[in-house]
Structure formats: structure tokens, C-alpha cells
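Across the two complexes that follow, subunit A remains constant while its partner is subunit B and subsequently subunit C.
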Partner chain A sequence: MTDGVHHHAESAQAPAPVFAAVPSVSRIFWIILFLITWALSTWSFALYKAFDARWIIRYPKNLEIPLDRWISNATNWLVEDLSFGLFTFRDFTRFISSLVEAPYDLTRSFLIEGFTIGQGQQALEVAPPLSWIAIIAIVVALALYAKDWALALLVGFCFSYLAIFGQWESAMVTLASVLIAVPIGVVGGLALGIAAYRMPAFERFLRPVLDLMQTVPVFAYLVPILVLFGFGPVAALIATVIYAMPPMVRISTVALRTVPEEVIEAGRMVGCRRGQLMWKVLVPTAMPSLMVGVNQVIMLSLNMVIIASMIGAGGLGYDVLTALRRLDIGGGIEAGLAIVVMAIALDRLSQAFAVRRVRPPGNSQMPFHKRHPVLTLVALITISTTLAGVYFPEFREYPANLTVTTGTFWNSAIEWININFFDAIEAVKTVLLNFLLLPVKRFFTGIPWAWGIVVVGLAAARICGWRLGMMAAVMTFFIAASGLWREAMTTIYLCSVSVLIASLIGIPLGIWAGQNPRANSIIGAMIDTLQTLPSFVYLIPVVMLFRVGDFSAMIAVVLYALAPAVRYAAHGIRSVDEELIEAGKVSGCTERQILWRIKLPLAAPSLLLGLNQTIMLAISMLVITALVGTRDLGQEVYIALTKANIGQGIVAGLSVAFIAIIADRVVTALARSSQQRLGLE
Partner chain B sequence: MARKFLAAVAAFSTLAVHTAAAGPESTDPIKLTTHDWTGQIVTTTIMGEVLKNAGYNIEYVQADYIAQFAGLKTGDLHVAMEIWETTGREAMDEATATGNVVNMGETGMVAIEEWWYPAYMADVCPGLPDWKALNDCAEEFATPETAPLGRYLGGPVTWGGFDDERVEALGMDFEVVHAGTDAALFAELESAYQRKAPIVLWLYSPHWAPSKYEGSFVKFPPFSVECYNDPSAGINPDAAYDCGKPTGPIWKVAWKGVEEKWPGAAKAIRAFHVSNEDMGEMVAKVDLQGMSVEDVVAEWMAANKDSWSSWAQ
Partner chain C sequence: MERPVILDCRGVWKLYGPQAKGFLEKHNGAPTDRELADGNIISAVRDASVEIRKGEIFVIMGLSGSGKSTLVRCLSRLVEPTAGEIRFEGNDLLAMSESELIHLRRKKMGMVFQHFALLPHLTVLQNAAFPLEVQGVNRRTREEKARQMIDIVGLTGREDYYPRQLSGGQQQRVGIARSLVADPDLWFLDEPFSALDPLIRREMQDEFLRLQSMLHKTIVFITHDFDEAIRLADRIAVMKGGRIEQTATPEELVLDPATPYVEEFTRHVPRAKVTKLRSIMSPGVPEGTYAGELSGNLTVADTVRRIDAATHPFKVTGEGGEAIGTVDARTAIDIMIGRAGA
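Showing the complex of A and B:
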């Protein structure tokens, strides 16, 4: 800031050299651009009336590109007619689903259903599923093996919750799908990440694909997936993998690239081959960052649980949906928390495995059960309880009469808040609506589409170069030409307000968590909860307190998009080089100066990556905002889904993705230029 | 060849042995779709239990209400027990037009959808349920966002319903706000009901809400096809939709292959019949009293053995 003022003053006084004049020219450019946009936005309606030119505010209907119809036809052809001679395209996709289905069915049989021969009423059980006691014993033992008793206790507590609160059966169905989706997502993501790391050309190709995977709302491709992969859990699994994999790919590439050159040199010097260098040097060194990716895959997979249950995955997501449809808030929260505890257990377990130290092997002279007491004990428990399950149903499944429930507590709590505080809440909401949401909404929705294309192009060109500017303009034109201008502007308005509020809350929290381990453990748990607690769970109380409308939608988006802002800020602060902080301390910096002068600037790339992800998540929540009745692109996608209109869904989905891609490119370019200014590159 | 022969023998033997009760023509499971509302699950479970009783293997598959038609067309899914005239007609017509999906007749239940208000609003607005009386006190229903117009909470945009057009055609001082899902719809109703706050919203039956909350449907000029299609019909000579919403049956549909593969089951599906009252009662037992769907269905099956045992014959 002081820098800018300085240049400004200088250029005002004397005919300044070119480089000094740049900031002020840039500033004038932005001010003029904003003023024109603001003026046009404010008076667009008056212009339309004055010139009787409706095209100013509405893209002419007869010039719209009927892309949605083309896409619908193309998909129909793909599904019904495309044939490779020996087999059709659909045979091929069905083959893939059978590949996924086999391990999934196996896992499900182990966890909950048991093994049977025959169908339906003629089915004969040949082996029972694992007893619930055995499953708890196994995860506890895994935790003990990976780390220590504290983790074992945590994991045991999490899984006991599932049993005691009567969520066991659904939880195991969900667990089965997670146990299949996460490995596919992690391995696939890492493989793609490595490929992108090795081949820059591949990365250039991959980036937009990843953007699309992450930003085209799941609802948009749900119908084609159902048709291609069949109804049921497999289609849900495939949708989950598509949604959960991209962060793993991105993080893998970044993590590998940030491995210090010296480490790679050292690897080369000891004579590593290419494969060895990758698996023995690069991947282990990058492991802490890679684990952030694994964390994201687990979290996002569990995030899809609700949507997956809409297309037949069943499990906890289904319980949440049905509970909330009958306004059983407590039931929704219990099932939702079951998703959260499962996420926490799986995440902590996977983290522990990643950093596990190799222990010295035991004395091989001793008998097996003395060398491996825990393993022996678990094996005994597993076999005995599972066999007991054949005769006693209470070993097979947690007895229903021993379950507990919070019952009507939550409903009463919300009712109490509703009756006592509704007016206060309403007052706060009205203020925020009038002074933040509505002005922003009026500004964005007022922008005439033609000027919108120009201004997006100019702004993107200014920040990222003319080539991106052109691309952004073309993408914006696509949105307008699809007849979705108004919906797109509503989307941008909702997202920008939500991202602003999420950043204002999330970044300080992240900085705090990055510096203070105790705060970190609390905030970390809170963030994990928010990201994995299905937004549907809090959407219903939110609607009860804030009514249907943009405000409820905004709250849902903020709660969900908070996570990356916090997590990346904390990660950035934590990964600042210790030596630099030491150097700061030695030269007499205060804590405050260390934060502002050393940590924050060095964490800037992380902060911006976090902002980027916040925007992406906010955009991916659009469909949820449709559930509370906003009229944005998310609603378009949702309408297309409920009408099974593949083309409409994909066009609206692409529009969402284009907005996300433009935002991503601009934020990334800002990050790069800020790095350059700080001399980090 | 051998399999065909065996199947023929099997078919013959079943024919010979059980001439009265036709046994299962195929042991392949019949896939019945379930959705995310209780009434539909109850309906489907009753059908499933009846088919099980007749010896068929059945499988419940969760599927989206509209997306399921893609599966019904290809035979991935076999039977859908509740397609509402009011919300599913378009998708159903499109599917039956392909010839791969067959309409299996009415379920006996009738869908009612209309504007609804809680009983305590009758004190504020004398003259209800007449729509003119509602309009006279529109301001009572206003919120900061809609003032001075009243706020009417409509169903999700996807339900259609022509409420925006209705408000326009009848010259009502209301603004239509669309809920995104029916869960959001009922969340608002619950919230307003707790505070005894004014609310008028879209409700439908059979559903648990009309039995949980006291209130009534608003009486609009009665629906007619002309009123929807012909602007000159109805009280506003220049606009269509100047009347209430239509009511209509809830249909059953099936994949066309069901009739060839399990003719006995197809017969039972066609014969399925349950009344609005029975359904409303069962839904309330599940959603309000917390009973399980299985228990409620078992109770109904025990009490109505005469009616369902005739379906499969």
C-alpha cells in the first residue's frame, strides 16, 4: 500500500519514468472499468426503456445456440447407437461398472450382508458378515499398529458411536463405498499427478479437465452416468470418484514440484533410476503434502454421500435425507454426525499410516502369539464373534434395544431458538440483506450481457494476458448465448458475497491455527466437521430460522467453503521455513512483525491457493443453494436433473465451470504477480 | 438349449401343480424403485410384500423420481409404484411413448395440491378458505423482502404448478417465492407454526403434513381444462390459470418386459389399490410416531388380507 502511494505521489509530481507510472495507469484502468460497469449496471433498464431495445438486458432468443439439444442428441447416440463392432459403448461402460462392482460387493458382504448363494427367498447364507465387535476391534488394532493408544481410543470411540446410535448398518454400507472410492481416487490421482509432473504438456491438458471435474456440478452428469453405468451403488461410486479425485491430482503435482532440488540431486548422486527417484525419493519427501490430498479425497468422498444416496448408494446419506424430509432434525444430525465421525476416524488412520515409523522386528525365537499379541487377540475376537453371529443375532448387529438417540432434543432446541430469537435474527438478516446482499445482487444482475463479455475479457486480459482475456470473453459469450445470463450473474453475486465472508472468517482462523497447536486441534476438528457434515443437515434449521431465499443459501455456502480458506492458511503458515523465522527472531522482530513481514508474505501462495479452493467449493455448493430456492445456475442444473434433460444440465454445468475457470485463472495470475513483487520467484 | 428345455419343464410343472396360485415364472428379482418420501416407500413395500407372498424375488433399488425413467426404459429397473399425475406426467408420457415403459394403471390414491394455510390464520383472515378473503389480507403475509405484497411459498420450480401465472391472472397481491425442495417447504411451515406466524404455502396430500398441522386448503375457482388452456374461460377473460390446481391420480408404471417375464406379478401390480385415507394413516405412523415402514406395512397387510390376497390371483 505504502509502495503504491509512493509511486503515485512521484508520478504526480514529475514526468515519471515509465515503470513508476505503471501502477497509477493500472489503477486508472480499474477505476474506469468499474465506473463504466457500475453506470451501465445501474441504468441498463432505463437504457432499454429509452431506446426500446430489449436486447440490452436480454440476449436475443432467436440468436441463442441450441447447444443443449445437440448435447442431448449426442448423448443419446452415444448411449443407444455407438458401437465398436463387437461391443457397444454401453457394453464397455457396463464392463467398467462390473469391474468396480465386484470388489464393492465383496466389501459389502464382509461388512454387513454376509455371503449367500442363490437369489432372493431361495438364498442360502454360507458365511456371516464380520461381527460389529470384530470390526471395532480391527480398526482399534489398526490404529494401535499405525500410531498409539490415543488414536486407538479415538477410532474406537468413533466406531462405537456408529453402533450405539443405531447407525451401524447404514454406516457399513457407506464405509464399503468409501473403501472402494478412496483408493481409486488416491491411486488414480497420484498417477495423474505424477504424469503431470513429468510431462508439462500433459499438465496443460489436464488442468482444464480437472477444473471441469471439480466445478461441473455432479447433478449435471448424474443422468448420463446412471444411463451408462446402470442404476445403483456403482454409478454413485463413479460419480464420487470423479468428484473427489481432482484435489489429489493437483496436490500431487504441486507437492512433487516443491521437493527441494538438493534432495533430487542427492537422489541422482546415489544413482537412483527414474522409477527409484520417484518412489524412493520424491514421493516420500512429498508425503506430508500428499497426505493433504488423501485427506481431501476422503473428505470429498464422504461429502458425496448425500448425492450418492440420491442415486442409490443408500447408507448414511439416505438416512439423512429421509430424516430431514420428515423434519426429524435430531435424526438428521445423528446420521450426519455418523458421516463426520467416520470421516475423522478414516482420516486420522490414514494420516497415521503415512508417517508410521518402522519398528524393529520382534525376537523370532518367541512363539507367534507372543510376538504379535494384538494381532492374535484381534484374530481371536474376529473369529469367535463372527461365528457367534451365526447363532446369536446380537453379535451380528448391535442390538436395537441398546441403541440411544438424542430423540427430540434437537427439534426442541431449534424450536426454542425459533420462538425466542426469531425477531432478533430477522433484524440482523434484514440489515445484511439491505446493505450487502441486495446491492451486490443489483450490481451484478444489472450488467448488460454485451458489456459483461467485454469487461470480463478486458479484466482477464489485464491480469493474465490477452490470450486468457480472449478465452474468458468467449466463455462469457457462451453463457450469454445459452440464454443463462441472468442466472450466471445471480451465481456470481451469491458466490462472491459468500467467498468474501468465508475468507473474512476463515483466513484469520487459519493463521491462528497455523501458529497455535491447541487452536489447531480445535479448529481442525471444527473444519472437518463442517466439511463432512452434509450441508443438508444444517440447511433445514437454517431455513427454519432464515426462511427460503438467498440468505439461507449464502449461509450454507459460507459454512461449506470455509474449510479450504482455513486449511490452506494454516498449512501456509506452518510450512514457512523455520530458519527464516529464527533469522527474524535473531534480528529482533516482534511476534507481530514475524507474522506480517515473514510468515504471511511467504504463505501468500498458500493463501491464494486457499482462496482459489474457496471459490471452487462455493461454486460446487451451487446445487445445494438450488435446494433452498435460489434462481441461479445451480437451479438450472437441478431443474435439468429432475427433468432428466441431459443437454440442459450439461450446458448449465459448463456455464458454472466456465465461471470457476475464469476465477481460477485470475486468482492464480494474481498469486504469481504477488510472488514476483515479493521476490519469491 | 438345455436351459430352455429346463425352463419349459419348470414352467409346465408350475402350471400343472399350482393352477390356482401362479408361482414365480422367473426367480430373477423384480426391481422396485424407492424414492425419498415415506408414502412412496410404504406403497412400494406393500407391493413388494405381496409379490414376495406370491413367491417372487424382489429387490428394492433407490432411484431418483425422474431419473429412474432412464432405467425403466432399458430394463435396469422394473417397477415404479408412484408417478404423480401432478408432477410426473410429462416424464411418464415421454417414457411410455418410447414403448419400453408401460402404464400399469392407477394406485387408487389421488394427489391433491393447493395453497394451504394453518388454522390460526382463520382468525386473522375472516372469510377463509375463500381465495378472495385470502387476498384481502395479503398484507398479513408480507415479509421485509416482499412487502407490501404477501409472501406465498410455492413448491420447487420443478413442480411447475403455474402459481406465478395464477397470482397474475387472479390479480392477487402476493409474491411467489419458490422453495427449492419440499424439505425446505416443510421446514418453513414448521418454523411458522411454532411461532404462530402467518404463512400460506403449497402443500400436497397424501403427506404427513396435513395430518400434523391443523389447517385447510384455499378454495380457488374450481379447476377445468379450459381454464388452463383458454384465456377467455374463467373469471379473468384475458388470462389462463385463473382457477385452482388440478387433482389427479397417482400412477404405477413398469418396464415393458415385466409382463413377459413375470406375467403373474404384472397382474398383481395392475391390481394394486390403496386409498388416500389408508396411506395418510400409514405415513403419519412412520413419520410422526416413528414406527418403522416394515412394521406399518405388516400391520396393514394383517388387517387387509382380503383385499391384497386377491391381487395375485
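Showing the complex of A and C:
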């Protein structure tokens, strides 16, 4: 660190004249670019009228590339006609479905339905499902095994909440799909990660695929899954796995690569075979990092719960979705809270497993039940309560007359806010709409498509070199040529407004948290909670308070995308070299001067990385806000989903991905160049 | 006196860079510094030849970047040499198939690492038993062997600890136990004590010598610490820039450095520390009164107090214990204080 700073100090002195000249040229470039864009945006409509040239504002219809139709046709052919001789493509997808379906049905039987023989009315139950008491006992015991009583208490409380507040059955359906999706995601992710670790060529192929999978909005690949696997829990599970797996692949590769070279050499020197080296040395040594990946898979699976319910997953997600559609505030919040509660329980539980300390084995002389008292107790509870469930329904399911509902409470709370604060909320909304949202919207949607392509290309080329500039221009052209220019510009406008507001709120919070340990603990907990919430949950209260429209969408996006702005700002401030701050103090800086002249400039790369993450989260959330009636690319994807139109869905999805990729590359390049300038690399 | 050669390494090169192998062939197997730089090739080991003899402690000494770690990895074939020949007990090591190599490492080689390289998820006992576990030895047998090794390295009572619960010195004891559990003939130690505090390092060196006096392994020991090298070595190879500058006994190295670089290292080494009694004794044992017998392999520094305290000279004994010469206080002190004419 100190070395780097020295280095910078030396190198900055010599070429000072050049340094001084560059920013002004650069600034002129940006100002001119902005002015042209602004002028064209403002007068594009007038230009179109003056020259009677409609192509200025609208991409010519007859030149559009009908990629969506091609994709749809190709899929039709795939599903209807493709045959591999012995079996058809459809047989293949059915085979995959059955592979996933069998364990899923088994898990559901265990958790809720019980085991039956026969169909419908004649069905005969041969074994009851696990009692709700048993399930709570099991998760509590797991928490105890992973960590301590505090965690056991938390997890027990969370699951009891599900029972007492009448969410048990839905929650168990959701839990069943998580229990199936997570192992598939983890094992599949680990397998791909290992393959990428062993074969660099495979990794080069995999990386862009993963990039795309993480930027294409989930809705976009829901459509093909829907067409290939049909509506139902299996399709939902497959979508969940596809969504949750990429981070596991990345984390596995990185985790294996960070195993110290010496440890691998030690394994080779004792004569490990390839397989032994992997499973006895590499994977166990990388286990703590791999568990971070497992935690990610769990959280993403839960995040997907609601979205997956659009293609047939039942459970809590379905409850939220129907409540949202009926504008049933109370029901939505209740089911949403249940997802949150479950997410918190599973998150803490998996994190505890990640850092679990192995304890020395007990004395093997003692009898089994003395060595494993908790295990024995849980087994007893499980067997007795489940058997009791055969005769007493209250053991099988939490008695309905004892459930508590908060639905009416939430309804009246929202109603109360709406009655008493209607004017205030409305005033804020109107001001923001008139002075921020609408002008920005007019600016972006006014930009003629042709100039849009040029300006994106020029800007990207200026920052990351001409190759990326070309790529960005081609991507932008793709969007225009697909006839999605206006929708794309709406997406960009909503995204930029949301990111601006999220940064305005998040960065100061992060700076505060970075300097003040107490603020940090509070803000940190807040951000942690925000991040455990599935993205959908944000929509519920927002819609209740602000009704549908761009403004609601923006608020939901800001809430969802706030976390990285705070995190990275706090991290950036905290990681400023202590010596530099001391140097500032010795030079007589005030606290404020230390912040503005030392900490903030040095935290700039971190702030930019935070900005990048904020943009990525905002884009992914924007697609979901289509449900509250935005008119952007997300809406386009959502419409495709409801019509099961693969081509439309994929083209719109790709457009979103392209916007995300361009933004990612540009901001990352900015962050890197500012890192280099500060000698922090 | 001359022991059989166990590991014979001739003209070994290790180059990193684009088409390193073809590059070496193009320059007739001996590129110059200039040619290496022009070809974007980094040379880690250049034309290294060493012979390691049965039962000796062979130390490879060099500063960081001298290629010593790469050389030892070539000797164990953890790293594939670009060119050269390595024979282990007469067999071509570089021609061995993967499975032959695995067999060889399981039965004949052990290695200790600078940063211990213990497996974090295994206990002390399981770490020590790991080489046997990999070989498929049943649990009872391997844990029994591991317990013996743990006892030998002095960690009894800590079998169920995890590596992170141990100090650095203790962790390296586990590393040593692991490397010896399969009873190898050839024992590689790659800077085993460099990551330890100076006091612990000294203690571990003594421990190492004690172990070797019990076990009589053939040892290749890597270090960057010249004092450590002369303290432990039977023979030392000094490396610089990938080349071996000189291979000799500590005594020869100090008394007769082959290059200015070696001389730079040895200049401040007290001669008494490396000079063996055998090389300062007066040959032949006339009749007379002697204070006792001392092995010719002991250094002057180790024995000068005893020799000085006695009123009579000592007999110096050879390998077989027979008296081959005598040494008196004056000769020893001359060496000790560096007086000319010793």
C-alpha cells in the first residue's frame, strides 16, 4: 500500500503538464457530446415534422430484424419436430422433468402431503407427513449443531412464526422447492466450477455464458422454460436452478483457485491420485468459501420463489403474487413477511454452517443417547408427533383456530397512512415527478435512435477503447433494430433516476457507517435485512402507498438497489490507509477536510464499483416492476411471458442484458482507471 | 566413505515463457542471458547438476528468486523440468508415468513445506495419517503409525487439535510427522523453518538434527539462511540466478569459496563454526596422556571450551571410532580467534 502511494507520488510529478492538459480536452469532449445529444433530444420531434422524416424518431419498420419471429419458429421446430432418432426433443424434456419431479414429490410428501396410494377420492394414506412440531424441532436442532442456542432460538422463532401466522402449508411447499433446487444448484455449480478449474478452455467458454445468465432478466428465460417444460412446479424448479447456479459456479472456481499451491503440492507429494487430490485436498480446503456459495444459492432460490410462482410454483410466492394482483395489502404483506422470515432463518443457518467449528469427538465409551442427547431427543419428538398426527390432526398441521392473522392490521395501517398522509405523499410524488422523472424521461426518450447508437459507441470508446465502443454500438443497434428503442430508453431513464436517488441516499449512509462503528452496526443490520428480502416484496408496500406507475417502480428499485451503494461506500472509507489519515491529522486537517480531501478521493474506485452494483441491481429490479405498470423493456418481457411468446421474451431480455453489459463494462473501466491513478492496484 | 548416489540430477533447466522447450532446443540447450530476455523467457533453474548421496543432509541455499524452490520441485517432479536428466535410485524419474510417480511418492518420498500446508479440516492425528489414508491403509493401522510419529515429534496429547489451534512451530511438527509417516527414504524440506520465529527456529533445527540421528534419511533441505545451512548440512549447494555457484561441504565453502558471490556469504562466518577437528588435528597418535576422545566431525566451535579446559590434548577419532590424530588447546584457539598459521 505505502509502496503504491510512493510510486504514484513520483510518477505524478514528472508528466504534470500532460496531466493538466488531458482533463480539459476530455471535458470539452463530454460537454460537446452532451450538448448535441440534448439538442437532438429536444428538437427531434420538430426535425421530424420539418423534414417529414419519421425515421428520425422511429426505426423504420421494414428494416427491423425479425429475430423474435426466428427464435419462436426455431423453438417450435425444436419442440414439435426435432427428433434424435430414438427419442424426440420433447421426450428429452419430459425425461428431465421426471428426474426433477420424483425427488420434489417425495419431499412434498414428507413435509405436507403424507404418503398415499391410489388416486383422488380413493387415495389411501399409508404414512402421515412430518408433524409441524417435528419440523420445528429438526431446524432448531440443526441450528444448535451449527452454532449455538441463540441461533436455535432465532430459527425456532422464525418457523413458529410460519405456523402461528397460518403460513405453514405454503411455507412447506416453498421449503420443498428450496430443498430440491439448492442441492441441484450446489452440485451442478460445483461440478461446472471444478470443470472450469481443471480446463481453462472450458472456463473461457463459460465466463461469457455466466455473464449473460446473470444479466438477462429472469423473466426472459422463464418463457422458454415454460414452453419446454410446461406450467408447473418442475418448470419453476428448473428456472430457480438456472437463476441460482451461476454464482456457485464462479465461487467454486475462485475457491478452488485460492487453495494455497503448497497444500496442493503436499497432496501430490503424498501420492494423491487426481480424484483424491480433488475430494480429499482441494474441496475440503476450499470448503469455507464453497459454503458462501451455498448460502448464495439458498438466498437466490428464495429470491426466485415469487417469480417462479408465475410459471407454476405454488407456496408463499404464489400467495404474494395473487395478493398483489388482487391488491390485497394484508395478505400480500403476510405472505411476503413469511418469505422474509424463512429467508432469514435459512440464511443464518447456512452461514453458521459455513463457519462452523468442528468439535472434538466425544467419548465413544458412552451409550449413543448420552453422546448425542439432542439427536436422540429430536428423533423421539419426530417419531412421536408424526405418529400422533395419524390420529390427532392438530399434530399434523398447526390448528387453524389458533392461527393469528395480521392481515387486517396491515390493511388498516396502510389505510390510515393513506388517509392521514395522502396530501404529503402526493406532494412529494408530484414534485419528484415534475422536476425529476418527467424531464429525464423526456430527455432520454427524445434521443433519436441513430444518434443514440453513435453517442453510446463514442462514449464507450472514449472510456474503454474502440473495441468496446464498437461492441456497445452494435448492441445498441440491435436494440433499435428490434423495434425496442422507446422501451429501452424508458428503461434507461427509470434506471438512471433510481440509481441517482439510491446513490444520493446510499453513499452518505455508507460514509457515515464507514466512520462510525455504532452507525455501522445499525446500518449494516438494516442493509442485511434489505438484501435478504426477495425483490418482489419491495413492491407490496410501495404499490399500496403510491399505486401503480413509474414513481412506484422507482421507489421499489431504489430500495432494492440501495445496499451496494452503502456497502461499497462504507468499505471504501474504511479501507483508506490509516497512515494517510494520520498524515492528514498531523498536517492539521479538520475532520471535514480529512473526509473531503483524503478519504473520499481515495474511496472513489470503491464508490464506482458500488455504483456498478447499484446499476446492475436496479436493472434486474426494473424488470420486476413491470408488474406495477411501467412501459419499459421489462413490460415487454412480462407480456411475452403471459403470451408464452419465446421470441419476444428473448429479444427484449437480451436488450436488457445488453444495457446491463454496456453499463457494467463502462463503469468497471472507470473504476479501474481511477484505481490506477491512485496507485491502489 | 563415499556413499551411493540416491538422486542424480544433471543439466536440469526450468524455463517459463512461450514455447520454453522449443526455445531451449533452438539455442542448443544453453541460451545466454540476452537471448532469454529477448525471448521473453524467465529462467528459474539453469543447467543445475547435483548428486544426493544416501544418508546425507544436502542443503540447497539461495536467496529468494535464486531458483532453489523450483529446483527441489523439479527433483520431486512437482514441476516438470524443461530439460535435463534426473535419476532416482538409477531409474529415470522424468520418464515415469503418472501412476509410477504416485507409487514412488507414496513409498519413497516425503516433503515438508514452508507454510506447513496442513489440511485445515483434519485434526493433527488425521493430518499425520493422511499419506497412509491416501494409500488406502486401514484406519487402525494408519492411526497407530500416525500416533508414533506424533510422539516422535513431541506432540503427544494434541492429536485431536486442529491446525489453527496450534502455534507455527507445532504446526510444522505436524508437517514433519506427516512427511515421515510413510517412512520415506528421501526427505525433502522446503524452507521448513523460515516461517518461524528465530528462537523457535533454533529449537526446531536441534529437533531436526535429533530426528535425523535416529532416522538416517537422505535429506534435501532448502533454506535462504546461510547460518542454518552450515549448521545442518553435510554438503551445501549455493544457488544464484538459477545456477548452482558451488557445491561443497560447509568447511570447504568457507575456506575456499569458488566465486565472489559465495565469498560474500561466507566472509562473516566464523571459521571455527565450520572447521572440523579432523582438518586441524595433527595426524597420528603418539603415546602420551590424553584428556579424552572427540569425533573428527565435530567443529572447533563446538569443542573449544572442552579442549581449552583440559590440561592435555584430545584424541580425534574417525568414522569408525578409531583414533586418527590429536588436537590441543592452542590449535583450537588459533582457529577460534582467527590467528594466522592455524
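Please note the rule applied: the second predicted complex is superposed on the first by the 492 of 681 C-alpha atoms of A that agree within 3 Å, B and C clash if a C-alpha of one lies under 4 Å from a C-alpha of the other, contacts with A are read in each partner's own complex, and residues count from 1 in each chain.
Just so we're on the same page, contacts are C-beta pairs under 8 Å (C-beta built on N, C-alpha and C of every residue); 3 or more make two chains touch, one makes a residue touch a chain.
This structure is a prediction, so every number in the text was calculated from the model and none was measured.
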{"item": "Contacts of A:Leu327 with subunit B and subunit C, given as first, second, both or neither", "value": "first"}
{"item": "Subunit B versus subunit C, judged by how many residues of subunit A each one touches", "value": "B"}
{"item": "First (subunit B), second (subunit C), both or neither touched by A:Gln276", "value": "second"}
{"item": "Contacts of A:Glu426 with subunit B and subunit C, given as first, second, both or neither", "value": "first"}
{"item": "Partner chain(s) touched by A:Ile32 [first = subunit B, second = subunit C, both, neither]", "value": "neither"}
{"item": "Which of subunit B and subunit C A:Met287 touches, first, second, both or neither", "value": "second"}
{"item": "Partner chain in contact with A:Arg268 - subunit B first, subunit C second, else both or neither", "value": "second"}
{"item": "Touching both subunit B and subunit C, residues of subunit A", "value": "none"}
{"item": "Subunit A to subunit B touching residues, read off their complex", "value": "119-122, 222-223, 226-227, 230-232, 309-314, 318, 321-322, 324-328, 415, 418-419, 422, 426, 430, 433, 536, 539-541, 543-545, 547-549, 625-631, 635, 638-639, 641-644"}
{"item": "Of all residues in subunit A, those that touch subunit C in their complex", "value": "260, 262-263, 265-266, 268-273, 276, 280-281, 284-285, 287, 358, 360-361"}
{"item": "For the subunit C and subunit A complex, residues of the former touching the latter", "value": "73, 76, 78, 102-106, 109-111, 113-123, 130-131, 133-135, 160, 162, 178-179, 182, 188"}
{"item": "Residues of subunit B that touch subunit A when the two form their complex", "value": "27-29, 36-38, 52, 55-59, 61-71, 74, 76-77, 90-91, 143-145, 153, 156-158, 177-188, 190-191, 194-195, 197, 208, 286-288"}
